[in-house]
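Shared between the two complexes below is chain A, which has chain B as its partner in the first and chain C in the second.
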Partner chain A sequence: MRKNIRVIKALIRLRFQNLMTFRIGFFGPFLVDGSLFVVQLMIFSAVYANVERIGSWGHGQMILYIGTFSLINAVNMVVYFFGISSIPWKVKSGEMDLYLTKPVSPLLRLSFERVNPGSIPLVLMSLVIIAYGVHKTGMEIGAGTVLSYLFWVGLMTLLYYDMEVMMRCVSFFLVSSAKMEQLEEACLELCMQLPGTVFYGVYKLIFCCVLPYGIMATVPVKSLVGECTPGTALHALIVTCVFTGITCALWKGGIRRYNSASS
Partner chain B sequence: MRKYREIAKTYLKTQLAWRADVIFNMVFTVGRILFAFLLWRVIFAQKETVAGFTFHGMLSYYIISSFFTQLEMSHGISEEIAAEIRNGIFSKYIVIPVNVEGYFAAMELGVVLFYLFFDFAAAFIWIFLFGIEFAIIEDGLIIACALVMVLLGLFFMVQLNFFLGILTFKYEEISTFLMIKNNLAALVTGSIVPLALFPDTVVSFMRFLPFYYVTYLPSMLLTGRCADEAARGLAVLACWCVILQAAIGIAWRRYAKNYDGVGI
Partner chain C sequence: MNTQNIIDTQNLTKIYRRFQKKEGLRGSLQGLIKREYEEKTAVNSVSLSVKAGEFVGLIGPNGAGKTTLIKMLTGIIAPTSGSIEVLGYYPNDMKNAFKKKYAVVMGQKSQLFMELTMNDTLRLFKEIYEIPEAEYQASREYFAQLFGVEALMNVQVRTLSLGERMKMELIVALLHGPQVLFLDEPTIGLDAVASKQIRKFLKEINEERGTTILLTSHYMEDIRALCGRTVVVNHGSKIYDGGTEELFEKYQKNKKITATFDRPPYRREVEVPKEHIKDALHELMQYEPKDITVAEDEIGVVVERIYREEERQNA
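Let's turn to the complex of A and B:
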C-alpha cells in the first residue's frame, strides 16, 4: 500500500512536469467539459420555463443532477480519464510491455500517470452548480446527508471508472475498440441529459443494469433530496460490486491474452 | 466543375470501405430520438402541449432535426484541416489544381450523398419502432423552401468549418476551441431541444444568427410551423454565407503564407 502511494505521488509529479511543457492545452479539458455542462444547464432552464416538473423532479433537482454528473465527470477527468483512454493504443502498439515489466500494478500506473490538474476548476464549477441546486430546491442539508451524498458520489465514481476500463479492455480481445468507445460516448451523452427516474421497462434494464450510466448521478442526488430507498441503495451497491468484479476479471484476462505488439 | 464531381464521387465510394461505420452511424441516430422519447414522454404525461407542441409533434420535430443533424458532418473538415496543417501534410491540397474550399465542399457532398439514404432509412425505422404519429407539412412551396434552406445551411457549416480549420495557420492549436464550438452548436442549432422553448428575447436574438436556420427552422417548417419565417430565413442564411466567404478569403490570403509544409 505504502509503495503504491509512493508510485502515485511520483506519477503525479512527472505529469506536472510534462504539463508545464505544453501549457496551451492546460485548461482545455475544463473549457470543453465546462461548456458542455453550461449548455445542459441552459437546456433544462429552457425546458423548466415551460414545465414545472419532469416526473417527480423539479428544476432544483435537475440542477443537482447536472452538477453531480459534472462532479463525477470532473473527478474522472482530473484523475484517470487520460490514462485509461490510452489503453487501446498501448495494446495496439505494444507499449503495454513497458507497463508489464515494471514492479508496479499496470492498471494503477495507467490510472494515475496522466492526472490532469487543468480540470480541477471543473470540480469547483460542479460544486457551484450543486450549491445552486441546493439553494433552488430550498432544502436544509445536514452533515449526515452530505456524508451520504459524498459516499454515493465516491461509489459512482468507482462505477464510472469500472465502465471506462471495461470498455477499453475490449482492445485486448478485438482489433479495434473504437465502436465500444462510441457506444460509451452515446450512453454518456444520453444519461448526462436524462436522470434515471425517467427510464422505464426495457430502458431501465439497459441503463440501470446492463450499461448502468443511468444510476451514476441519480443515486447521489436521490440520497441528497431524501428519495433514496433501501432498494435503490442496494441496487446501486450490487451493480457497483458486480461491475468492479467484471472489470477485474476482464483486465486480468486481457493482460493474460496480451501478446505484445499487434495484440 | 467536373473535377469537383469526381472528388464527390471518390469520397462517396470511399465510404463503402467502412461498412461497419455506416451501420453504427445508423444505430447511433437513435440516441437523440431516445432522449426525446423518454424525456418528453414523462413531461407530456402531465401536460397536453408544451410551447405549442403535442407529444407526437415534438417527436416529429426530433426525427426531422436529428436527420438533418446527422447529415451535417462538416465538423470533420475543421478537424482534418487542423491536423493536416499541424502535421505538415496540408500541402497535398495546395499542389492540386482545385480550389481548396471547393475540394472540401465536394468531399462533404460525397459523404452526405452516401449517408442520405441510410439516415433516411434510420428515420423510418425509428418512426415505426417508437410508434410516432409523424406529422409533416404537405405544402410543396414550404417543403421546397425548407430543402433549399437545409442545402444552404449545410454549405454554411462547410464554410464555417473550413474557416475555423484554416485558422490553424495562425493559431496552431485549435482543437479545444473546436470541441467547445461543437458543444455550443448543438445548443444553438436546436438539435437538443427546440429553440421555441427558450424565452422570446433569446429566440429573437438567435434569428440574427445563421445557426437558427441550419436545422431548427427547416425542421419547424417541415412540421408545419413558422412558415412566415421561411423567406426571411433564406435571405439571412444567404447573407451569412456571403459574409463568411469574404472572411475565408481574407483569412486565407493573410494566414496561408505562414504555412511552410513541415508541420508544427
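Let's turn to the complex of A and C:
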C-alpha cells in the first residue's frame, strides 16, 4: 500500500513536470474545460428553464443533481480518465508489454499516469453549483449529512471508474471497442440530464442495474436531501460491489488473454 | 527441472489463432456468418536452459519466434503448452518479486518519457522498484558514467539521438540490478558506432555484474561479438543451440580473396572454399599482386546458410 502511494505520487509529479514543459499546453485546458462546463450549464438552464419539477425533484434538487454529476465527472477527468482511455490503444499496439513487466499494478499505473490538472476548475465549479443548490433548497446541513454525501460521492466515483475500466477492457477480447465508448458517452449524456428517480420499468433496470449511470449522482443527492432509504443505500452498495468485482475479473481475464502485438 | 539453470523451458509452445478472411465483399459477408481461423505456431516445442552469467544470442529470421519466446520468458504472454521456469518462477503468474529480478528492453518500444529528462524519469522507476535512495544514487552515477551520458541526464529525452536513447533505455532497465536482462533488438536502427558502444557496455555489464543476458538481434555482429552461445530459431523451432564460434566455423565455408595488380586486370576478387585458401594464395602469388586481402564470408551469406542448412538437417 505504502509503495503504491509512493508510485502514485511519483506518477503525479512526473505528469505535472511533463505538462509544465509546455506553457500553453499547461494553462490552456483550464480555460477550455471551464468554458465547456459553462456551455453545458447553459444548455441545462435552457432545457429546464420552464420546468418546475422533474419526477419528484424540484429545481433546487435538480441543481444539486447536476452539480453532483459534474463533480463525479470532474474527479474522473482530473484523475484517471485520460490514463484509462489509453488502454485500448495500449492493448492494440502492444505498449501494454511495458506495463506488465514492471513490479507495480498495471491498472494502478495506467489510472494515475495521466492526471489532468486542467480539469480542476470543473471540480471547483461543481462545488459552487452544489453550494448554490443547497442554498436554493433552503436546507440546513449538518456535518453528518456532509460526511454521508462525501461517502456516496466517493463510492459512486468508484462505480464510475469501474464502468470506465470495464468498457476499455473489451479491447482485450475484441479488436474494436469504439462502440462501447460510444455507448458510454450516450449513457452519460442522458444520465447527466435525468436523475435516476425518473426511470421506471425496463429503463430503471437498465440505468440502475445493468448500466448503473442512473444511480451515480442520484444516490449522493438523495443522501443530501434526506431521501436515501436503506433500500436505496443497499442497492447502491451491492451495485458498486458487483461492478467492482466484475471489473477486477474482466481486467485479470483481459491480462491473461493479452497476446501482445507482433513487433 | 534443473534448479541450477536460471531459465528452463521444456517443449515450450505458443500457438496463435488468427482469422482468415476470404477476398472481397462476399468473403467479408461469409466471415460475418462463419469464421475461419488458422492456427499459427509461433514457438514450437522449444526446450532451452540458460545458466547464471551466460550471454546467449537468439537469432532467426523475421517471424521465427524470437520475440514470442522473450514475451513468454518475461510473462507478458502465457504459453499454450510446455513448461517454463525463470528464476524459479512461472513468468505468467506475474509476481512482483519475479518482475524485480529481471528487466526487458525492447528496441522498438520505449519506456522513456520523451518530454522529460532522464533524471526525472528514473525517479519513477526508483519508486516502482523500491530502490533505497543511496543505492539509487550510486546506480545512477555508475551507469551514467559507464555509458558516458552524465552530461545528458538533465536534457529532454526527445532531443537525444537514437543511440543515446538506447543507452538511456538500458540505464532504466539496469537501475534495479536485475539478474536477467532480456534484450530484444537493442541495436535496431543504430549506426555502426552506436552499436559498437552498446555492445561494449553490454559486455561489461555481463562480465562485471554477472548479469545473465538473452539477446535477440538481426545483426550477427552483435551476436558474434557478445554471445558465447547462440540459439538459432526458425519457424518457431530451435534448429541450433551451441557455441557461437562453432556455428560460424561450421557455416563460414568460403574466403574471399581480393588482389590488386599494377597491370590489367588491376583488381580481382575470388571466392574459394576455406580449405583451399592456401593453394589459391600460392597460385595467386605467381601473378605478382600489389596487394592481397582475405576476408571471411559476408555475414548475411552465413546467416542464410545457417537457416537453410539447419532447417534441412532438422527436417
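Everything below uses one rule, namely that the second predicted complex is superposed on the first by the 233 of 263 C-alpha atoms of A that agree within 3 Å, B and C clash if a C-alpha of one lies under 4 Å from a C-alpha of the other, contacts with A are read in each partner's own complex, and residues count from 1 in each chain.
Everything that follows uses one rule, which is that a contact is a pair of C-beta atoms (placed from the backbone, for glycine too) under 8 Å apart; a residue touches a chain by one contact, two chains touch by 3 or more.
Everything numeric here is computed off the predicted structure, so don't read it as measured data.
Visitor: Let me test your reading of the model: by the given contact rule, A:94 touches which partner, first (chain B), second (chain C), both or neither?
Guide: second
Visitor: Applying the document's definition of touch, where does A:11 land relative to chain B and chain C: first, second, both, or neither?
Guide: Once the two structures are laid over each other on A, A:11 reaches chain C alone.
Visitor: Between chain B (first) and chain C (second), which does A:43 come into contact with in this model arrangement: first, second, both, or neither?
Guide: first
Visitor: In the complex of these two chains, what residues of chain B are touching chain A?
Guide: 20, 24, 28, 31, 34-35, 38-39, 41-43, 46-47, 50-51, 173, 175-176, 179-180, 183-184, 186-187, 192-193, 197-199
Visitor: In the complex, go through chain A and note every residue touching chain B.
Guide: Touching chain B: residues 24-25, 28, 31-32, 35-36, 39, 42-43, 46-47, 49-55, 179, 182, 186, 189-190, 193-194, 198-199, 203 of chain A.
Visitor: Any idea which chain A residues touch chain C in the complex?
Guide: It comes out as residues 3, 6-7, 9-11, 13-14, 17-18, 21-22, 94-95, 97-98, 100-104, 255-256, 258-260, 262-263.
Visitor: Quick one: which bits of chain C touch chain A in the complex? Just the residue numbers, please.
Guide: It comes out as residues 16, 63, 67, 71, 74-78, 92, 94, 96-97, 99-100, 102-104, 106, 108-109, 111, 113, 115-116, 120-121, 123-124, 126-130, 156, 184-185.
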